[in-house]
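The structures considered in this document are given below.
One chain, chain A, appears in both complexes that follow, with chain B as partner in the first and chain C in the second.
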Partner chain A sequence: MSQASEREGLSAETGRAILDLAAEVGGVAMLAGRLLRRLAPPRLDGPELARNLHRMGVKSLPIVGVTALFTGGIMVIQAGVLIRRFGAEGLLGWGAGFATLREVGPILIALMFSGRVGANNTAELGTMTVTEQIAALETLAIDPLSYLILPRCIAMVVMLFMLTVYGDVLALAGSALMGQALLGVSVATFFNGFLETIRVWDLATGLIKSVLYGVIIALSSCHFGLTVTGGAPGVGRAVNTSVVASATGIFVTDYFSTYLLG
Partner chain B sequence: MAPPVAPATPPDDALDGDAERPRPRGLAADTGQLLIEGVRAFRGLFDVALRTVYWSLKGRREKGVVLEQAFEIGNKSVFFLTVTQGFIGMILVFQSGLQARRVVPDLTMLGATFLELLVRDLAATLASMMLATRVGAGIAAEIGSMVVTEQVDALRMCGVDPVDWLVVPRFLASVVMTGVLIFYAGAIAYFAGGATAWAVFDVQPQTYLNARLLDIGDVSIGLAKCVAYGAAIPIVSGWCGLSARGGSEGVGIATTQAVVFSSLAVIILNLVISGVGFVLFPV
Partner chain C sequence: MPPRRVIELRGITKRFVDGPPVLRGVDLTVPRGCLYGLVGPGAAGKSVLLKLVVGLLRPDAGALLIEGEDITGLDELRLHRVRARIGMLFQNNALFDHMTVGENIAFPLRRAGVTDAAALAERVADRLRMVSLPGFEDRMPAGLSGGQKKRIGVARATALKADIVLYDEPAAGLDPVTSQKIFDTLRAEQREAGATVVMVSSDIERLLTITDRVGMLHRGRLIFDGTTAEALASRDPRVDQFVHGKTDGPL
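Presenting the complex of A and B:
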């Protein structure tokens, strides 16, 4: 982002902001294109992929677990107001389960994942960029995109999908427990209501969305990491921009995918 | 008998463990290390929180510092919040409308229920998750780069508590601006939802604008959340920034941790406040 040294007119600032935005979106699209070209006959580093799968996925289990459990509990508290008003205990499984599987679970897990893995990825790539390690790779005739970037992107997409499955399960467990503790709705009643009303498609939409979120987090975190300038403060700023861009992208995608998937 | 605890190793930061393969250790040693680190981190956080509150009440600040931070935290988040909250408002009304139609045929209470849910929970929590991302990362990145470039040590040399100088202005600004931004974000989500209800489900605006379900409990829970989130985000991310170590890598890790921990703080506070509110204000 360019720094306006002196005060400019509103139109100039707006124009600059729009141009900056267009440049970033274009950069992400270019990165996506170049990564896709490397997928056609897959050219990527296998061990690097395995290592990224482990540290991005397995090591996120605790934070995703805590988020999911708490989220499930919160959904029950919010649904509890309506349940008490209508006196319909059987609907608790429907209310909490539906919201968790379709919207809240995938979104919150994606936001946490973007905070932990996406931000960290930007920080790492940014550090590599400012210390010229990426340039060194190119000098050694190693393609940084297939060696460094593509394994990370694939790992993020795969792992966010799997973490969403894991998170959904834990969120439902959290809902059932909270329903028992706070509303006195037994776990059996909860899951009966859940199984009667929730269709497989509800679960599937959430999981499809999680793949889309994974793509967004992967692309934006890699793009902002690779375009860092200006030392340690630059890395901090890039991480900030990357998480903001991921969050915006997640919500915009959520809107359109909700419309399309129904 | 538990095996002897392994000698202290450098703290495991977020995503490392790939620089060199960690030696396999016993479960007890791992658990113990995790516990000790957890307690140490919690004490650090508690220390920053206490000193923030102390200096907010006692310290004196230069003129304009808080305003500057308020601009940084508040005005610069407006665009981000408008986009995300507008979309989330549309999504929520669309989803709940679809669902409600499956169970009850009429959607006259859609607006009233949505407003209640926004005031009780969603406006504050979703906006704060966004602010934890944007503001938290910003604070940690800024303070973290000051730490690694030894500017914070220079402050200490001058006899200034870095918490007083760096965290307190952000804390005061955030408490005020988070509240304001949550009102704004809630309004955006509410009206975006109203537009969706009108366009998709044919709910007339005069039916949608209905505050009958709001009561004192909802409003007090919502306000409590505003204050709690606004206070938690700068403290948690200030603490993350102050514990940055190493060069640009350290700043990156601190920023990451700030996003994760302040989002987590929002989620945990949400559960606590919602639970207490549910017990205090029975429907």
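Presenting the complex of A and C:
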């Protein structure tokens, strides 16, 4: 193959990839617009919302709890060397709290949530799409966005926010316990340092991020679930794409939100 | 006075991306109270036509009237009002996986405003008796055979006693006895309710025992539209071959 045709092929592939990306981003934006229209006045199914809050939130408690506890512990192990070297035990609460509340807690919990809830949501919606269950809802004069999608999106945003609060608490507890066990820093010293240095804004920053991550996971998982084609293999591809897109969206949003929120 | 023509297609054309037209200028009329059998070889456009009638797909050209109202330009909310008068059985049943059999059948009734638990249970039991699956209320769709799913799909499609009912392969995967029972029951129900029915089925022999009129699609065109007797006596070699299941012929 000549160099010219190789370059042409590369250009075509790049162009196609950009167009595909634009189509997916546009699809997510259109889904967001259609869902927003259904919020004023609210048109959503109450029992379906309650069902999703339970299965997406309550059932995520164990995995988020374990993740948060170990994350808190890891923060202390990483900081332990410096804390010991400089004898800065009093800063352990600040260091662990600052990083956990603003950054590590929200992002790790969001990634776990995306893997567990977002992937499951895409698989469910994808299966419903290829087996015409979504179409069946429409023929029963039921708006799938109001009945099926909006409750899932609201449940994901609300439950990720609440799981982040829960995870933050457990991560701090993990840090305090590990600080005592590994570094001999008492729990009281840990929380004294924490309360003296951490501002409410530090907590708020992480929680605002968790809402943004929740929106990204909700829209991404629903969009890829609703646009599945190609039967069962298509569902598998959609789950994969949804998880990758959510993770990418989370990191990009984290960068800009950290920059903007300070 | 309600219009005599319940379903009317005028020059309907439908094409999917990068493919040839699935339907090419189809004109078809289904009168009130008629059981219309839609037949044709595979990929002739039968299922697509049903999805157009219920508004799941939009035609590229032509007009589609339900009870005199052109639905081709309706927005989603107005389409919902039209769909509320239509029951549909999908080719692959489309049972809701997360609901029990009973909840699947009761679902359209609940959405239509039936809240009385006893009335719902009685209607569900009645539909299950109709498809010879009494006592299946608490079973999950995943635990059913293909034929059982099909029968539950029929039960759900008929739960509301809609004015217009569309069946896509109501007897696929059923044994001959159950298949004939389903056809006979659907015919009896249609007569009793005076419903307008369009039925797609590959089981031509049984289908033609219950239809009033028959249409045959071939390569996206409606090549025959007439009474069942006219279909059976048709001299069009394609229709003759298809309705009599002959292996020799132009198809």
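Going forward, the second predicted complex is superposed on the first by the 254 of 262 C-alpha atoms of A that agree within 3 Å, B and C clash if a C-alpha of one lies under 4 Å from a C-alpha of the other, contacts with A are read in each partner's own complex, and residues count from 1 in each chain.
By our rule, a residue touches a chain if its C-beta (ideal position, glycine included) is under 8 Å from a C-beta of that chain, and two chains touch if they have at least 3 such contacts.
Remember, predicted model here, so these are calculated numbers, not experimental data.
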Partner chain(s) touched by A:240 [first = chain B, second = chain C, both, neither]: first
Which superposed partner A:59 touches (first chain B, second chain C, both, neither): first
First, second, both or neither for A:214, with chain B first and chain C second: neither
Which superposed partner A:127 touches (first chain B, second chain C, both, neither): both
Which superposed partner A:143 touches (first chain B, second chain C, both, neither): second
Partner chain in contact with A:102 - chain B first, chain C second, else both or neither: first
Chain B versus chain C as contact partner of A:78, first or second or both or neither: first
Doubly contacted chain A residues - partners chain C and chain B: 127, 131
Interfacial residue positions of chain A with respect to chain C in the complex: 127-128, 131-133, 135-136, 138-143
In the complex, chain B residues that touch chain A: 14-15, 17-18, 80, 83-84, 87-88, 90-92, 94-95, 98-99, 103, 113, 116-117, 120-121, 125, 129-130, 133-134, 137-138, 140-142, 144-145, 148-149, 247-249, 251-253, 255-256, 259-260, 263-264, 267-268, 270-271, 274-275, 278, 282-283
Residues of chain A defined as touching chain B within the complex: 51, 55-56, 59, 63, 66-67, 70-71, 73-74, 77-78, 80-82, 84-85, 91, 98-99, 102-103, 108, 111-112, 114-117, 119-120, 122-124, 126-127, 130-131, 182, 231-237, 239-240, 243-244, 247-248, 251-252, 254-255, 258-259, 262
Complex contacts: residues of chain C adjacent to chain A: 51, 54-56, 76-77, 80-81, 83-84, 86-88, 90-92, 94-97, 107-108, 111
